[in-house]
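Structures for review follow.
Below are two complexes that have chain A in common, paired first with chain B and then with chain C.
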Partner chain A sequence: MYDIEKYYNAKTVSEAVSLLKEHPDARIISGGSDVLIKIREGRMAGTSLVSIRDVEEIKGITRNEDGDILIGAGTVFSHITADPIIQKYIPVLGEAVDQVGGPQIRNIGTIGGNICNGAVSADSVPTVFSYNSLLHIANEDGGRIAPVREFYLGPGRVDLHPGEVLTHVVIPKKEYAGYHGHYIKYSMRNAMDIATLSCSVVSKIDTAKNILEDVRITFGVAAPVPYRCVETEEKLKGRTLDEGLYQELEESVRGEIHPRDSWRASRDFRLQIGGEIAKRALIRTAELAGEDTCKGGEEA
Partner chain B sequence: MKKEKILVQCVVNGEEVAEYVDPRESLLDMLRNHLGLTSVKRGCEVGECGACTVIIDGETIDSCIYLAVWAEGKNIRTLEGLEKNGELTRIQEAFIEEGAVQCGFCTPGFIMSATVLLEQGKELTREEIKKKMSGNLCRCTGYQNIVNAVEKVMRENTEKAE
Partner chain C sequence: MIGKSVPRVDAYEKVTGRAKFTEDLLPKKCLVAKVLHATIGNGIVKSIDTSEAEIMEGVVKVVTFHDVPDHCYPTPGHPWSVELAHQDVADRNLLTGRVRYYGDDIAAVVAEDEIIASRALKKIKVEYEEYPVEIHPRKSMYGSKPPIHFDKKDNVLARSNYFIGDVDKGMEEAETVVKGTYKTPIVQHCHIENPISYAYMEKGRIVVVTSTQIPHIVRRVIGQALGIPWGNVRVIKPYIGGGFGNKQDVLYEPLNAFLTTQVGGRPVKLDISREETFCNTRTRHSIEFDLAAGVDKEGKLVAKDMHSYSNQGAYASHGHAIAANGLTSWRLQYACPNIRGEAYTIYTNTPVGGAMRGYGIPQVCFAIECFMDDVAEAIHMDPLEFRRKNLIEGYYEDRYLKPIAANTNGIFECLKKGAEYIHWDEKRKKYAKQTGAVRRGVGMALFSYKTGVWPISLEIAGARLSLNQDGSVQLQLGATEIGQGADTVFSQMVAETLHTDMAHVHIQTVQDTDVSPFDTGAYASRQSFVTGTAVKHCAEILRDKILAYAKTLLPEVDTRELSLRDNWIWAGEEQAISLAALAEESYYSLTNSSVLTAEVSEQVKKNTIATGCCFAEVEVDIKLGKIKILHIINVHDSGKLLNPQLAEMQVHGGMSMGMGYGISEQLILDEKTGRPLNGNLLDYKLMTMLDTPDIKADFVEMDDPMGPYGNKALGEPPAIPSAPAIRNAVLHATGVAFNENPLTPQRLIDGFKKAGLI
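Now for the complex of A and B:
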């Protein structure tokens, strides 16, 4: 039996917000694959829970008339991977969350939980960063919108105040149209493992001129919070894609990230693979852009 | 916490079930202790080994990290629900034929993962099968015979369909 003090079940977002307000010590539970394990391990033993599992309005993926993609925070990983909108417009996100844990975990774990638990190794998060996603957060005062890049405060800490619930992850059209992404997770096992280091690269390439118009590089496990390599991005934008650029990317990334020594891997090792996976991911996005051009370059 | 019980109504192996559960209980607790479905094994209890795998609404989940109260309204299948009139399913037979069972503790979980995979009706490569079965651990067989059994039934199904 789990050491749970009180269990409250919300059916709507507003019910969840008022339950959280009423019971400020209660924690939100969604898929449960993090929270229940923390309770089992004793780190969250004796907590009260507000469940948002039955909140249907925060499940599923839609594309609005402006072309923005809204992902409900309660959408489980396997449904994101199988979703036709994701497959068509941001396949990298479906591929990234297909690398979380194993099949059973992907059937219960949610993208909202992956973001809000604040783990720097979360497989969805580097890609969510690289697409400059916006987080829709519900609260008593009508809610707010927060850029994901400002959401992480420190290891395991995010900018979600008491009484707030993440409802949707929004990827605006201008952030994904014409872009291609690739995610690389470096881990010891291919399944049931946590990333030693991970990197999601999203790029916009003028394939006719072979110019890297825009690039966004985000690392997981390379700093206390998910880390965008802004300096490297600025150096590379607008340049010709060639061996020199790839080499500069590799070196620049190694100078910019600051991973630590841990039992999983040393800092030196992480620096080494950091340059390598960022380079490989950018090369893959260039291949994807090329394939798209051959097919007639379907614009979003 | 006060001992307040919550009524959970769901379908387990085709039969309607109504059970009063403690909100602190896992689905694993409910299936084993209330309903006597002991094919659902208590292994790691942190969602890593897959020994407690059951099928809910057509998807596999680890019942150890799933609260019993979440089962409300769901359709749940365990290994006990697979056989019909004492006849094993084809994947169960194939596990025997291929020597995919040794100590047997992980087997019910593997069978449930394989069952969903086979019901989806796709023919997968060996690597794809491994990925789809990666949420179940086996410490005896070394996995090869388990993958062989799944591959065998998948091939049989494709041949039948042709």
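Now for the complex of A and C:
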């Protein structure tokens, strides 16, 4: 039994927005894989809920005329992984969300919930950051667009105002075309776990010249919010990909991230792992670039 | 029928969901109870105010530690002892105002439903006076003010020791002396079904339906806890979702029994959460071992010394029996003229240690087998060769506890099979000098394990058989099926001895203390051995009764000619009368009707030692602190296998537990309060299928003269040797000796940094 006060089931985004306005104390529930846990643990016991799980307009993945990819916030992880657009243009996102929990969770958990829950361990988020994604948010005033990099306010807190609903995650074409990504989730076991540390590296590589034209490195669980290693990125851009660069990446990342000391893992441990997984992820993106014949969808 | 892989008798019920577990049986309008747990680690409740909770709509009753009986009771699932000196320690009340660990039970609410009960708990106001918390046994053993239990001033629950030969002299004369300290973690059983019970009253008696391994012991302890005649208690055990020893303890059944008496006998459910299961039931004791050994020039052990410190937690439960079992194991299996052993069991402010699969042996095996590798390394000897040189071949017996003995001993054959499977000689050489960031290694460990508890404790089992009208039989036991396949092998035993088939044996799977024969239950790998002895005897009696009855129907046949097989009574080589016809006659004969039944209650004064080993090959990713188990095998000498497929499954499950013990499982406690930090299935890293390699199980089958069908212990042994085998493989791969399990990524990274590998 779950201690839930009232349950309102929205069918459309506008209905959800008005329900949230009518019931300002109500929380949004989508898949429920975070919200129900909090209710069970007593942290959200007695809350009222506005469900958006029947809102069809925010499910599914499309690619518009400009080549931008729109992911409905209500799309579940398993559908993202299986989606042909994701597989063709940004396979790293499908691979990342395929590492969430177990099959049952991946069939109910949504990318919108993953982002709005505000957890730094969210498996979709480092990749969503590395693609400089934009968030489409509905509200009474016609909605707004927010860069994901400005959306996280602190642990478990995001910039979603009362009465607002995240509807889509948008990855503009310029942010993915020509890029390759790789996500490494470091956790204490291989399934049914949350990340101890995670890293998504997205790179653009001139394979003919072996030059790292652009790179974006985002960590989960390395700071109070998902963390882009901007300094490291700037140091590496335009450089030749070689062992020296990888070494520098490893050390630079360790100097830049701010992981916690906790009973789950020490700060020193996370620094060791952080450098290592960032390096391994970049190496993998270079391999992917070398194997790719359509340049990360640039020519599509 | 013995030795055949017949399907489990409960397979279809469990797979289709027809099997009824406790929660499936709840009466309509069952009230719900919830327990209020203390939020300090040590101290007293200064005041408790339940007034707001009591007036809530839907709250039926609130009880606190003020309302329960004053006297203490024991909880472990041991047979009761009629000798005062051997009785279990009685140190618990149903609820307490003297908080001894974080989460101790101080009050309970009975309400119309779960949500009301949870909300009512939050309305209870408690004020505490706090005492300092001590979670480390080696600090706690010097006493605290006040002591955790008033009658143990130094917090030492018990100490035991022995001397064989002269250890000090042996050490002096040894060529090499090696020392080591090893530590094992607190782990939890993580059975899928949390402990659950419901209780109600009927005709002035209390009925408790519960997920337990030990229904007859639960009955006795409820009687003791409530201070009522034991006959006024009836305990029913339906299908259960695992126990692994946690349910070889009396958990919340006495409190639940008490609660129903407080609400006029209405049914009350007490279904604790996973978090409570971690914190408030039982755990495997964490034990620290200081070991030393002296070896001579040939590499033979000449002296061994062990001092162990077991963390009991806040209440005695199974207490010193666990550390003592490990201490006994120190003097078995390896030949050595001079042996010393000492064990302490110490109260601390932590969750309570109790029985868990292996009963102290996984801990001591980790210490001993890591140490044996370390000794071998110190004298530059191959660790397998070192063991072969020091192990006892063939029969041996315990020096003190008669008749515990290795009546059959397949350890050398087990080692041979394990070494062949893992390609020991080849890979020990191949992996000897690696330098990369990813390295491989092979390691092994071995163990010995008693079968049942005789002569440390009583062994008694009951069995009842009756012949149905159609020639089939009903089998009733007090022994419990807890997922291990007991009902299946007991049915096989009856089929074997009555020379019939499985379809003719109907086993009663639910134990009901009003009906079921007396048996102490599922623990100590005892049932197939002890209860099996009773079952065999009972079946023999029934067989003899059937033949005696046949004689009355076949007066012309010589009794010596009569035999029972394939559901027929045979006169010599001829079918004389079918068992079905005989059975029908026995029920309905107008001249000679007498239903044929047999019942035994049997004390079993036997014990025999099972053995086995694990060999593992691992790959270590040094910079990520990750161990990948590439190959792993357990080889067991458990005597004759009753059901090879069930035996293999038993080994698979045990190895999964052993691997978790080796690399991922540990209950982490907050230093300041003793509160479990990871008491849930997300943060407590039980291995998943994706963490589990292909598991190989193999056996050496020797016909043990003590086992009713040549069988020895197999229930617990599979969980024992994997952790040290993996640790020793990591030592081989990296040269780094980890002396504390589990070998988590954090521990590996710290160790590799210290060793200069990172």
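Operating definition for what follows: the second predicted complex is superposed on the first by the 293 of 300 C-alpha atoms of A that agree within 3 Å, B and C clash if a C-alpha of one lies under 4 Å from a C-alpha of the other, contacts with A are read in each partner's own complex, and residues count from 1 in each chain.
Everything that follows uses one rule, which is that a residue touches a chain if its C-beta (ideal position, glycine included) is under 8 Å from a C-beta of that chain, and two chains touch if they have at least 3 such contacts.
All values reported here derive from a predicted model rather than from experimental measurement.
Once the two complexes are overlaid on the shared chain, A:L249 sits clear of chain B and of chain C alike. Residue contacts after overlaying the shared chain place A:A191 against chain B and chain C alike. In the superposition on chain A, contact is made by A:A45 with chain C only, not with chain B. Residue contacts after overlaying the shared chain place A:P103 against chain B, while chain C stays out of touching range. Of the two partner chains, chain B is the only one that A:R53 touches; chain C does not reach it. With both structures placed on the common chain, the touch criterion links A:G32 to chain B but leaves chain C unconnected. Shared-chain residue A:N9: touches chain B; no touch with chain C.
In the superposition on chain A, no contact is made by A:L135 with either chain B or chain C.
After overlaying the two complexes on the shared chain, residue contacts for A:S78 are found with chain B alone; chain C is out of touch.
Chain A residues 1, 3, 102, 190-192 lie at the interface with chain B in one structure and with chain C in the other.
Against chain A, in their complex, chain B makes its touches with residues 1, 22-26, 29, 45-48, 50, 53, 59-62, 65-67, 69-70, 113, 131-137.
Chain A contributes residues 1-7, 9, 32-33, 36-37, 40-41, 51, 53, 78, 101-105, 107-108, 190-192 to its touches with chain B in the complex. Remark: chain C residues 113-115, 118-119, 623-625, 664, 668, 670, 677-678, 681-683, 685, 687-691, 744-746, 749-750, 753, 758 touch chain A in the complex. Only residues 1, 3, 42, 45-46, 102, 186, 188-194, 196, 263-266, 268-269, 272-273, 276-277 of chain A touch chain C when the two sit together in their complex.
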